[in-house]
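In the two complexes below, chain A is the common chain; its partner is chain B in one and chain C in the other.
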Partner chain A sequence: MISRWNRILPYIMIFPNVAIYFVFIFIPVLWAIYLSFTNYTILNPGGWVGLSNYETLLKDGIFHKAFWNTMVFWVLKVIPTIILGLIVAAMLNAGIRAVALFRGAIYLPGVLSSVAVSMAWLWLLHPRNGPINAIIKMIGIPPQNWLQDPELALPVVIVVSIWTNIGFAMIIYLAGLQGIPTHLYEAASIDGATGLKKFVYITVPMLKPITFFLFITLTIRSFQVFDIVYILTGGGPLNSTTTIVNQIVKTAFEEYNMGYASAQAIVLLLITIIVTMVNYRVGSKRTMD
Partner chain B sequence: MKRNKIIWASLIIIMMMFVSACGGSDPVPGSGETGEVAKGSGGETSAANSVTIKLWFPGHEEFIVESVKTLIRDFEEKNPDIKVELTSIPWKDYFQKLSVAYNAGAAPDVHGLGFGQLISTVDQDKYMDLTPLIKRDAWEGEKDFYPDILKAGQWKGGQYGLLMPDTRGFMWRKDMFRAAGLDPEKPPATIDEIFEYAEKLKIIENGQTVQEGLDMPTGNGEQIYLSLLLPQGENFYDENNNPTFDSPKSIALISKMAGLVKSGAVTPRHSQQLEGGTFKNGVAAMAFGSPKGFQSLIDQVGMENIGFALPPEGKPGKRTALMLGTFMSIAKNTKYPEQSWKFLKFMFEKENHLKFVDAAKFIPSLKSVSEEFSKKDQWNKVTMDILNDAQGYLPSPDWGTHVKYLRLALEEAYLGEKTPEEAVRTNIQLLKDELNKK
Partner chain C sequence: MKKKVKTMKMRYPANVLLMAGLTVVSILMIAPLLIMIFTSLKGDSEIANTTGSLLPKEWKFENYLLAMQVGNWAVYFKNSLIVTVLAVGGSLIFNSLSGYTFARVTFKGRDLIFIALLLGLMVPPQVTIIPQFILLKSVPLFGGNDLFGQGGQGWLDSYYALIVPELSGSLGIFLARQFYLGFPREMDEAASIDGSGIFRSYWRIYLPLSGPLLATLGILKTVHVWNDFFHPLIYTNSEAMRTIQLGLQVFHGQYEIKFNLLMAASVVVSLPLCIAFFVFQRHFVQSLIPTSVKG
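Our next item is the complex of A and B:
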């Protein structure tokens, strides 16, 4: 028989977390939903405008561009990050020398401030003084204005983001790899399986839950990308790197149009929820299989 | 049963404590009520009846912060019953924080505001109209202000800000002129000549620009565009809020600017790049600005290698410079209007003003100090001459929208996405559509 005290105790234990969630997440989200139906500017509460902000969104070319860029960013970032994270983790797990050094070096960008990381990349990619241009010049390729060329800017931002996130994927995969029972590999070895076959038929399937987790978290991170874009390109040139969050910040704090920015934020929230639910459904089905 | 009640009571108390802690109610600083202890700018406690006004000032550079602190110290010495609590915030975050403070009911009593920030938000009725106070006190400073500078802070007959201007004169590198075979003592005489000079001054090595003719950001580049347009007697929207950047002069100007990008005299870059502009970094030969923004360059190449003059002529005899700067305003809902006004008056008193603008590297707003200011530095005389014909953004609640589409038009033209004509016409249409919806 559980005493009443023991029944209430768990609620008391989770109360601080729930209270923080309630005050800092739940209420602001509800408030943003309300604001998205107003023409609230940065200094004035404004009035009710119904669905007007959402209608504007449908016609706003810059928002459409930001939406497209966010989707491109998501697809081109998440999959390579997962693949590269897995490859690096498998290599480190194979017992190469100086594992700790490599693990630390690869994980470091993920724990450094994104501002510091972006600043380092700004220097690396500098059109005049950057070492990357110096290297490509040596091999006969003309120097590029990496972050100010509308064709190059988004791919470069994606590469920087992948580099920053590989460490995170690697650490999670390393933990997963160490949880795979060794007898599976031993049995496969007895059956004559090569290293590649063991990787494809044992490692990858056993890591499905981890891959699923990474897919969800990296997806959400991709939708929320802001800092790298803000520092590297400011969303330019020609809005070629602007993302939904970048656009929300611009609308809210450069144009002072908080109502419209809230509508953009709500759309982003809905996209994130939908994509996460689809991921979850597909992912859990595959994980169950 | 009793135990349950205790548990629920505890939960409710914890929740209330949590919520009240999050509320962060703003202590009423020195409300004048007996027993109120206010914290002064130096962190010391003041006398029981003293009042503390909050001052927010944009800019985090040491010389600016120190200048404001000195001003506050001088003010507090003469007004022992008023303490001033200073908060310095970098420009980048300034308006965001200020607007949050306004929304939270915790706005500072006195605060600075960027040029665009005041003119685009003045219609929202958050700043105090200083006119009744100016009239009541028959404030001498009003007559002493340069008329255009005083006018910059006016909106529908009210005075909502007092401007400390910052103008964009013409700057050039004499050593680069010399190396390009140009007379280092003769800057371009006309706007058209700027483009000719920029082409002569550029240096391209192995397909890469190593020296730019003109410091011209291609992203968020409205200031350089306006610096080149104002001497031609135009602006990018008129007093009736109509966009005008599709005028023939504007299109011709944008075409020339795009030509500089195409020829390599300018390398595309964003104006908010953390490393700063190309003139500041010693890469560009010409720029619009004021020497106070280029101290590190002056230290590096020496004053003798830098020229500073009025902007070249656009129309014959017309050398209008772009004027921006920092407005000083009072929050409409301040609890201390008298003390805040007293501080502003102190700030714009002749001696204090001169001391402050000199230290903080602003330009005086008052005619009475201009002569003394001119004597202090070889470039101050030029700065004061520039003030005789300087113009800022026109007041408009839609300033942000105008700037957004102008930036896009400029970038599209510079990067060859569209012809200048197409770029301005498309973006003016989008701008008009957005304004019509408001």
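Our next item is the complex of A and C:
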């Protein structure tokens, strides 16, 4: 009796997690794939339409715009975030005092919700009364309509996103920097290497795995960007800031075209899987070396 | 000896320069937040004045009272608190329990189930949102639904929609398993000689040692759920179910002109996590660092 109980017990212990995971993640992924081949709306159970949602995707100018914007957002966000995070971390790691104070201040934007962050920037960027226009006016630049200008809106959204993510990159790099053996630096000092040379030839190469981890994490986050876009610009003006997720939400929950929205979601899933696979391949190569 | 003196001499001005640089960076990083706070204390006429100063001329603390009177903030706070406490508490129990089981108990199908769980790490929440929405809408016998999940709104616009899907989480299970793999095998042997079953070992031996794991998972989940905007936006529609993040966004939609009150509300919404961050900074930082980087 007791041994049978012991055989069942592990399954009971994992049951709550596994059940919720299958109901809310695993099955919904398969379901989303299925929905992407239907014309399901919330009112109409929908029928099989084959590849027609994907054909629409190929012709949909707004989705192309969203895809392109997401790519621009990704490249222009991830690279500066990583570089700035590394510089700040290296400064913090140079043996100064009050590390916790600086680290806390620099990470603080990362603790705030995307809604609160967006509210702060809506005020900073306010075309008439906002502080940023007041500052640039003092140095002779005319005030800008930051979030209503199709040329400026996407770069501004990217800057806001970089600002909230620098702290995260800094903390990860700081942990990595503390793992670099000090004897490497000592040896380089004996050879007469200066601070900058040490940084370029020791610090940066030693941090390669960490840079790679940050690159993957920030890439996945970039492809999922939604909150700040939705609140700051709503995807406008003229779709100049709309992203893949913004289009998914709009198509599914404003136009109720859930079949087509699911096809867009599958594009997002495929991109994420490709990035994760690259991560896995590079990671396993490294352990083999 | 001579060399040491030289490096010390080199360090001193370099340190001052670094401190100055970091001070500038820190001020730049928190400037938007300081401006948010200062703006929240300005009067209406000062907000409308384009050449206003950074600091308020008159400190209007009553802005906070006014902001809280616009909208049902007590309800929003109550909702966020209920959702966060239950989602965090539940997921901590479930994740640590299953993480322990995957790490320390051998059973049939264990590795297969675990790999299936890990696949969830690759799934963006925006991919599952549509099926989840339909699923929550179709929960039978809830929210006006019949036995077949038709006719009403099911779990949508209820606490269930915001809590139940959060109770699992591939990352949480993965981190918990990693944590429990770190204990020596002798601990299980000692427990089984002692006559403890696997659940008793978990409860009596492993759970009391799980402080660091629970701190990490608790912080990650608390920040995620408290700051979540996406799920409340999609799953709720009545004012009675609004969380603070959604409340703040609706507030902005309705009172766009009153930026001082909007900033006051933003400060209030941000305050709980900011305080928690400064009190538990070390734990917050630890929770962000993955095991691969620590190694």
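One rule holds for everything that comes next: the second predicted complex is superposed on the first by the 252 of 289 C-alpha atoms of A that agree within 3 Å, B and C clash if a C-alpha of one lies under 4 Å from a C-alpha of the other, contacts with A are read in each partner's own complex, and residues count from 1 in each chain.
Keep this in mind: a residue touches a chain if its C-beta (ideal position, glycine included) is under 8 Å from a C-beta of that chain, and two chains touch if they have at least 3 such contacts.
All figures in this text were calculated on a predicted structure; none of them were measured in a lab.
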Request  = Once the two structures are overlaid on chain A, check if chain B and chain C clash or fit side by side.
outcome  = clash
Inquiry  = If we overlay the two complexes on their shared chain A, which of chain B and chain C does A:Arg128 touch? Say first, second, both or neither.
reply    = both
Query = Looking at the overlay, what does A:Met13 touch: chain B (first), chain C (second), both, or neither?
reply = second
Ask   = A:Ala32 contacts which: chain B (first), chain C (second), both, neither?
value = second
Key: Which partner, chain B or chain C, touches more chain A residues   = C
Task = Considering only the touch criterion stated at the top, classify A:Asn145 as touching first (chain B), second (chain C), both, or neither.
result = first
Inquiry  = Going by the contact rule set out at the top, does A:Ser113 touch chain B (first), chain C (second), both, or neither?
reply    = second
Message = Tell me the contact category for A:Asn93 with respect to chain B and chain C: first, second, both or neither.
response = neither
Request  = May I ask you to decide whether A:Ile248 touches chain B, chain C, both, or neither, giving the answer as first, second, both or neither?
outcome  = second
Ask   = Which chain A residues lie in the overlap of the chain B contact set and the chain C contact set?
value = 16, 23, 42, 119, 122, 128, 133, 231, 253
Note = Per the touch rule above, chain B residues touching chain A in the complex are 3-4, 7, 11, 14-15, 18-19, 22, 95-96, 99, 102-103, 120-121, 124-126, 206-210, 218-220, 267-270, 272-275, 283, 400-401, 404, 408, 411-412, 415, 417, 430, 437
Note = Per the touch rule above, chain C residues touching chain A in the complex are 11, 14-15, 18-19, 21-23, 25-27, 29-30, 32-33, 35-36, 39, 47-52, 54, 94-95, 97-98, 100-102, 105, 107, 110, 113, 116-117, 119-135, 137, 164-165, 167-170, 173, 197-199, 202, 223, 226-227, 229-230, 233-234, 245-246, 248-249, 252, 259, 262-263, 265-266, 269-270, 273-274, 277-278, 281-282, 284-285, 288-290, 292-294
Inquiry  = Under the stated contact criterion, what part of chain A meets chain B in this complex?
reply    = 4-5, 8, 12, 15-16, 19, 23, 41-44, 52, 56, 61, 119, 122, 127-128, 133, 137, 142-143, 145, 148-150, 231, 233-234, 236-239, 253-257
Inquiry  = Which residues of chain A touch chain C once you look at their complex with the stated criterion?
reply    = 6-7, 9-11, 13-14, 16-18, 20-21, 23-29, 31-32, 35, 42, 88, 91-92, 94-98, 100-109, 111-116, 119-124, 126, 128-129, 131, 133-134, 163, 166-168, 171-172, 175-176, 179, 195, 209-210, 213, 220, 223-224, 226-227, 230-231, 245, 248-249, 252-253, 258, 261-262, 265-266, 268-269, 272-273, 276
